[in-house]
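Two complexes are shown next, each including chain A; its partner changes from chain B in the first to chain C in the second.
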Partner chain A sequence: MDQFKDREVVQAVLIADNNHFENFRPFADETSTALLPLVNVPVIDYALESLNRCGVEEVFVFSRLFINDLRQHIEKQIKSSCSWSLNMKVKIIGGEGCRCYGDALRDLDAKGLLRGHFILLQAETVTNANLIAILEEHKKNSKRDKGTAMTVVFKESAARLPTGNEVVIAMDLDNNRLHYHKRVDQYLKEKNFDIPMEIFINNSQISIHHNIVDPQIAICSPLALPLFSDNFDFGTRDDFIRGLLINEEILDSRIYVSFLSNNQYASTIGNWLTYQTISLDVINRWSYPLVPDMGICCLYQNYVFTRNNIYKSQKAKVSRKVTLKENVVIHEGSSVENGSEITNSVIGRNCKIGENCQLKNAFLMDGVTVGDNCRFEFCVVGADAVIESKCQLMEGFVVKPKEVVKTGSTLTGNEIYLDDEGLTVPVMKFLPNAFDDSDYNSSSDEEESIINGSPIPDDANIFLSEVIDSLNRGFQEKLKPDNLILEINSSRYAYNMSLKEVNFNVIKALFNLNVIQEADEKVLSAVNEVFNFFGIVVRNYIKTEESMEDCLAAIEECCLEHDILRSRVLKIIHYLYDKEYVTEEAILNWHNSMEKDSDIKNSLKQLVEWLNQSSEEESDDE
Partner chain B sequence: MTTAKPIAEIASLIHSIKIGLEGSYSISSRTLELFKKIIANKSWKNAQELMQLVQEQGRILSSALPQEVVTSNMVRRILKIIREAFDLLREKNKEYQFDDGHTTLSLHKLITQTSETSKDVDYSKHHDGLRDVLLDHLQEIEIELETSSENISAQAEEHIHSSEVILTLGHSKSVENFLKRAIEKRKFLTIIIAECAPECRGHDLAASLASASCEIVIIPDSSIFAMMSRVNKVIIGTHSVLANGGLRAACGSYTVAAAAKHFSVPTIVLAPMYKLSPVHLCSYEQDAFNILGSAEGVLPYDSLAAKSAKVYSPIFDYVPPEFVTLFISNMGGHAPSYVYRLLSELYHPEDIEM
Partner chain C sequence: MINREFQAVILAAGRGSRLPEVASQTPKCLLPVGPYPLLWYPLNLLQKHSIQDAIVVVLDSQKNEIVKALEKTGIMNKMKLDITAIPADEDFGTADSLRFIHEKIKTDFLVISCDVVTNVSLFPVINKFREHNAAMATLLFPGKFDTGVTVPGPKSKEKPERDLIGIHTDSRRLLFLASTSDFEEVMSVNGHLLRKYGKFTIFSRLVDSHIYILKKWVIDLLKEKDNMSTLKGEFLPYLIKKQMTKHVGSPDNQKGSVLNAKLSDEVFEFCKVPAHEKQIIEASFFNDSRIKEPYNNDVIRCYAIESPKDTVGVRVNTTASYFAINSKINSIWSKLFTGENIPSLISPSATVNSTQIKEIAVFDSAKLSEKTSLTGSVFGAHCEIKPKNIITNSIIMGHATIEEGCKIENCIIGYKAVVGRKCVLKNCLIGPNYQVEEESDIEKVYLTNADGFMEIE
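What follows is the complex of A and B.
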């Protein structure tokens, strides 16, 4: 009897032209963001392909701005029998009247095209998740709870950069019901979130997630559409969720949450920064099987995949002396001339790249011509643009399609202002690793401002600054030298310093003490005072001939840094010799090892001559 | 490179393989079914036209799915059958004309005959009844395909004895049937299954084999070498067999085969005839040999290393022929060095290059 039953067709709705299209200016002015090529394939094809792989049979693509462009694209793809056109019907709906996401769903409701539960997806979403499994779960849930309006799909992810896709939610652990939903503002560093107390009082188990991104995937019940129609102020999906959460008693509908498992990739393109990350994710095969060499939406394989994630079309001409470092995609018909170097970049169909170009994180669409000696970093070049030779495009610069960039121009990120507050669109940039989260960043910023201009704080420098600290403190508070030795030794082990480095840095620290630094003309008496006080410390480290040479080398370096010390180097060395910190041989050895004609060497001449004389006298005496 | 358009059935076959039709048996039977339809329904006047049609579609299949060699193998088989059927019909027609010529064949004639047929046969001649003969032959291949797994597992008793320790890897349908038969017939078997990370299909095999009469042990791939010393036989499946007798098998097979070689444990490979392919290994890169899978299986996306590391997750291993002791096909057991001979029986030399 089953065969007579009307089988339920799995339906999906794709919303093209997302509400962040301002972020994609000037591209979004001319065509739909859904047709933006991601690794040489229009991004809408990724969404259609993944829906097809899940087994969706009917898709409605909803567009409000560039409906004709989309229609042309989809008709072209169906005609060329691309892979998603098999077993799946794609229809385009939309029009001028719709201004937002909410309008789109109201329109769908009015047309009555959707019969059951359906998948609601942003066209710019890239995913390899099995959405059918989530749909089934949603159906089961809606049998239990008649008020199920929507299941929102989230993906856990370590926070890297604010991309506008991050959300904070609170949900019931028992039944995955959503109670609190807040999109993290991508411009403000929000640290505090107000979650109403009732949520904790009314539910036995609440879990709060702050490490999740929203890939703009949801499963909707048939009752979600009338809700949109009834509440004309629901503009976006966020509005819908907020409205339902606030008025859940009145509307009698609930939202549930589903998490994608680790092996399922999902992300949505909201700005150029996410465009960059997702491009690299696709090239790095996280979105497998939606990877360039598996032929996304086309029958044939376009690329040959080789080591270091290099995808090169067999019909592309890459000269012999071109370096393709890593994560490079070169489409058919393109040519790259000698001496160019390409890293983390995508090159579209029929591009021409001249000699000695440097491309790093550059995304070239079809038919781009690049002259010789250009340098691209973090930039996007629109289709058929011409970049003449010796140009530099940096830091998120976007070249319009068909634009011509004149010879020798240097262009950096074009700031696009969203509103009067001066918020700018996130642009492409170097992606930090995951451990650089915002807290870490802010503290390191402060540190940097303090030691501004100083060399990189490697272990030796940190060790030196710690020794200076402890000696300064010891001098002021008249601590016991033994304790200071202990302190220095513990720092030594903490930074894994060799004995030689310790000797060198201790002496250097002594000359960097505040007393000596601030003494100006009376520097000699200050040195005397310091060495009297730290005598035991110094003798503890400077015992052997070698350590004496370390000590003298340290003095040499201090003299180079401070003029006052340099003018008195002779007296300082003589003082050290008198007090038997250093021996005659050490001084002579050190003196010989110095470069000829250096200031210090010349000023020590007198002392060395005198030492030589005295040693001769001694030998004479014998 | 031809510019022929794929017919709808071919496109849908490619699509269904891409979205996850698995198992070389189901792929090759689907391919066969499809070509049967083409031969039965498409309009073609003579053998040459038909061969061109089959070749074109075969090329499309192999360029869209370079790693699924069973489809190309099937195309080669069909081409060979067309040639044979044509020759047969031609011989028949000839016999009416020269009735006496065939009574005695000299050795010289026997040798030259084959080379003569391959070179200058005009396939464009029309023969009645070619279609029926072909469909009969295809029916035979279909039966061969259907029974191949059964024929292989029928040999289980000859190779597996009571209280032996068998090691296998991953989940191969032929191995599953083979071992099931062995478990039925023999007592006190111990079967060690390497789980074959990252997909861990070994778990599925263990679940399907689980029975009271034998002991099943799942081990991680890292302990293959450690377990090998106590193993009596290694029995693995393969994705395809290359022309030199080497294997293109699931990733991890090389580890198993190398460990078995070190401990002198016999390695038995179950490979039905349709997996023998007349291609040689020319590079380990993706274009010729391997597929790289999802990076997620090797390294979690959120991990620190994921942003700076290149992650490779190859699907296949190449196992050189010297590591294989015996192939068991539906026709019986063969040494790796004998594969070339089987290939020359299976395929016509002109079809090897598609």
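What follows is the complex of A and C.
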């Protein structure tokens, strides 16, 4: 026995509290996000099973919220002797006293349970990576550099929509040391990333990565826990990294980076959008061997796996005239009636789906009942919910467990869950394969002006380009105009624009939108479309006589830059007059103020004459 | 006349503003490096790559002197040089110089600065240029050439300026070119650049070689951009940034729409992609990215190649690098030549009576007297070393005179300077025409009568 005594036990810590639990409301209000079913298996089991497969011997599951639910789940799994319980000791620790990630680690430090280097993992992480290899690498590294506090694991990915897991890092290519770390903003596109100069001066090769996701996997040194204890302001892992990077000399500790190879999968669920992508990744077997037909952690087969990634339980009843296109999981006891069509969806245990339903990217938990003729796209339905017939659930709508949705309802997700800052929680939606390049246009043009040196990018120009960016995005993604106004106003204060400048630039931005700029001959219908969509925005700024003149001045400038607009200026102004964006007086004033014999003035002649006439008639009437 | 693939342009009109201590009297391109003037080295490099003719851009005030000096080196017999003068009284930058001679450029061309001393092979960079039909390809030298060399003169506190060079890690695309002095505390990395290319590496220790291979259309663009006066400082960063600009007039909607023509960037007026080239790219399996179209659909492409680690490559544009190249010339001399014919470091027309010489380079008509001990030094044309001198690790410029009994260590003695009898000089910089008094014993100083000149005027 003695020979085994000194051997270091491989330990891991699983953090079961999600920093972003509010993204999972209302689910997160009732139980731990770690117990959220991912392809019909609680997500914590994925993490435990991957640790087990790596040869981890002891796991501490740390939880504050719903610790009893977790304990029950773990005990149940151990009792049913699931695969990870055989070689691995799992202990649940936690307490009401800690409010965040950092508190959890401080608590662990106080308890003194961890003896050496350990793996630190978020419970919502799904991975098939060989973490032991990274642990060994980390140990080697810490022998060389005594100040090694942490090795952070990243995974390269194709640029897709920002989901909150993306980070930008700068690291030294010679020794993989991390020098800069910033989470990519989910909502706004960063113009620049400000990286301290000294990093570049002190190191010969700095590699900057943008195309990576952070799956919340890290290897910690024994050094890391006391650092958390000493610095009570380290709330999250990001705080820890930032704190260490800023104070590396004082704290004398360093962070290293490890990349997963292309054949290893790792990702973490932080919101419904990532829930959707990871579900489909699991169904598409990227996370092999953690795939549905392997049972994840139970030791028997749940599903029969057939072509096009169809996983169907033998105890499920699927009628003959049901089309299962691809990437479908149907758990035991569920039934699907004739005429329904299902793609990219997961159906839990004992669900009942009626006739002629269409399910695309729908995630149904256990015991859901769906009536006939329903249409689901990009939505989540909680356990035991009842959806009556002829319902339409779209665009990221989330149905609470046990909720009843009445017949004929049409519900979309976009407007429902707003967090404190007025921003929408990322919801499920169609994901393009790669970033659409269209947004490079405006911004690279704006960069042009910097290089050309001719118009120096003063605040007004930057403000204009930001407004154009916001409006373009708003138009493409059909955002609420109110939010756009909020965005424009915040830019306004950032660049200290006067009201006049704001009015002018907003209108100018409208005419600089891609739809109008690329419309060619159909420019009028594009203008109509834009003003219909942004009507609320325009009316928010263009209220007074003065603002109308700003508006017209902006149009004048746009026309000078744009031939097709110039040729249609008459109709555009008439349109604005018709829709009562501008008054007759404003137009006449503007017309008078223009230089004589300018193109625009001439082309407006007709309108002005007509306006004069009509006003005369009016006064005649009186 | 054969149509050549590349024309070569050597920019030799620099004024040596970063080595004022040594280049105030001599044209920068004629500073002695080993047994040849500086300009000989890029010419030798071209000749090694079988490039037989080159345009050499010089200042008109220095043209005669340069022609004379080149004739002496014998390189004129091997190459056809078109020595073109630019007006000296206009303060021309490198881009201005190229603009001045743009009519002479009819094909893709290679621009090389007169201060490059290297043994690198240009073929990898030329091949990269051909392979990707690039707009620009350049070569990067490993830095740190002047480490381990004590530069004479007083200690300078100036921090050396460094290039920041951003290269896409997989494809070697050059995405970013700046200098450390362009930024203060932080460097703003463009968000679009990162989003578009995913990852890139920023090198701070590599040195831009000032060897550029450029497409023909680039000179047309340069001609248009007459507000840019320097190549590396302004024009190349501009060209590199233009890579990211999206080419709006894509083939599908090129039906003469006025709108697109307006939106499309003026740059694309210059680099039109022929239809067959587009077809080739479409038909080819080649792709440098895993998820996007080849080259990200970029029309302008710039590449940078790092030269191998053991390359000798240095730009002689500071006093430090000038001194370094001369003190190392012996060890690298044989690497600068291919084949057996390595010329001697000592010019045949020099008079060398000294018996104790080791690792020295001597220009024509230099006179090294007997009873001297000369080690690791360079002696310029017509300089005279009187007997009983000990000279180590120093540069004695043309027409300088060292009187008897001096001990000179790690110094640069300027053009036509005179060092009096029995002087002991260590780590000193002696300016042109300066007369060091007899029996001086000085260390780490810079002696010049540049101020004196001002008074005479």
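We adopt the following convention: the second predicted complex is superposed on the first by the 423 of 622 C-alpha atoms of A that agree within 3 Å, B and C clash if a C-alpha of one lies under 4 Å from a C-alpha of the other, contacts with A are read in each partner's own complex, and residues count from 1 in each chain.
Throughout what follows, a contact is a pair of C-beta atoms (placed from the backbone, for glycine too) under 8 Å apart; a residue touches a chain by one contact, two chains touch by 3 or more.
No experiment lies behind these values; they were computed from the predicted model shown.
Undergrad: Classify the contacts of A:N192 with the two partner chains as first (chain B alone), second (chain C alone), both, or neither.
TA: In the superposed model, A:N192 contacts chain C only, not chain B.
Undergrad: In the superposed arrangement, which partner chain does A:N602 touch: chain B (first), chain C (second), both, or neither?
TA: neither
Undergrad: Which partner does A:R53 contact after superposing on A: first (chain B), second (chain C), both, neither?
TA: first
Undergrad: Applying the document's definition of touch, where does A:I201 land relative to chain B and chain C: first, second, both, or neither?
TA: It touches chain C, and chain B stays clear.
Undergrad: Given the touch rule stated above, what does A:Q72 touch, chain B (first), chain C (second), both, or neither?
TA: neither
Undergrad: Report for A:T323: first if it touches chain B alone, second if chain C alone, otherwise both or neither.
TA: After superposition on chain A, A:T323 lies in contact with neither partner.
Undergrad: Pick one for A:D563: touches chain B only (first), chain C only (second), both, or neither.
TA: In the superposition, A:D563 contacts chain C only.
Undergrad: Looking at the overlay, what does A:L299 touch: chain B (first), chain C (second), both, or neither?
TA: The answer is first: A:L299 touches chain B but not chain C.
Undergrad: Could you pull out which residues of chain A sit against chain B in one structure and against chain C in the other?
TA: Residues 158, 433-435, which sit in both footprints.
Undergrad: Please name which positions on chain B make contact with chain A in the complex.
TA: 6, 8, 11-12, 14-15, 18-20, 60, 63-64, 66, 285-287, 292-297, 300-304, 306-308, 310-311, 313
Undergrad: Mind listing the chain C positions that touch chain A in their complex?
TA: 162, 164, 166, 169, 180, 183-192, 194-206, 227, 237-238, 241, 244-246, 248, 257-259, 262-263, 265, 290-292, 297
Undergrad: Using the touch definition from the top, list the residues of chain A that touch chain C in their complex.
TA: 158-159, 168, 173, 189-197, 200-201, 203-212, 433-435, 437, 440-441, 443-445, 447-448, 451, 453, 517-518, 520, 562-564
Undergrad: Mind pulling up the chain A residues that touch chain B in the complex?
TA: Spelled out, the residues of chain A in touch with chain B are 52-53, 81, 83, 86-87, 128, 156-158, 160, 262-263, 265, 281, 284-286, 288-289, 293-295, 299-301, 304-309, 326, 431, 433-435.
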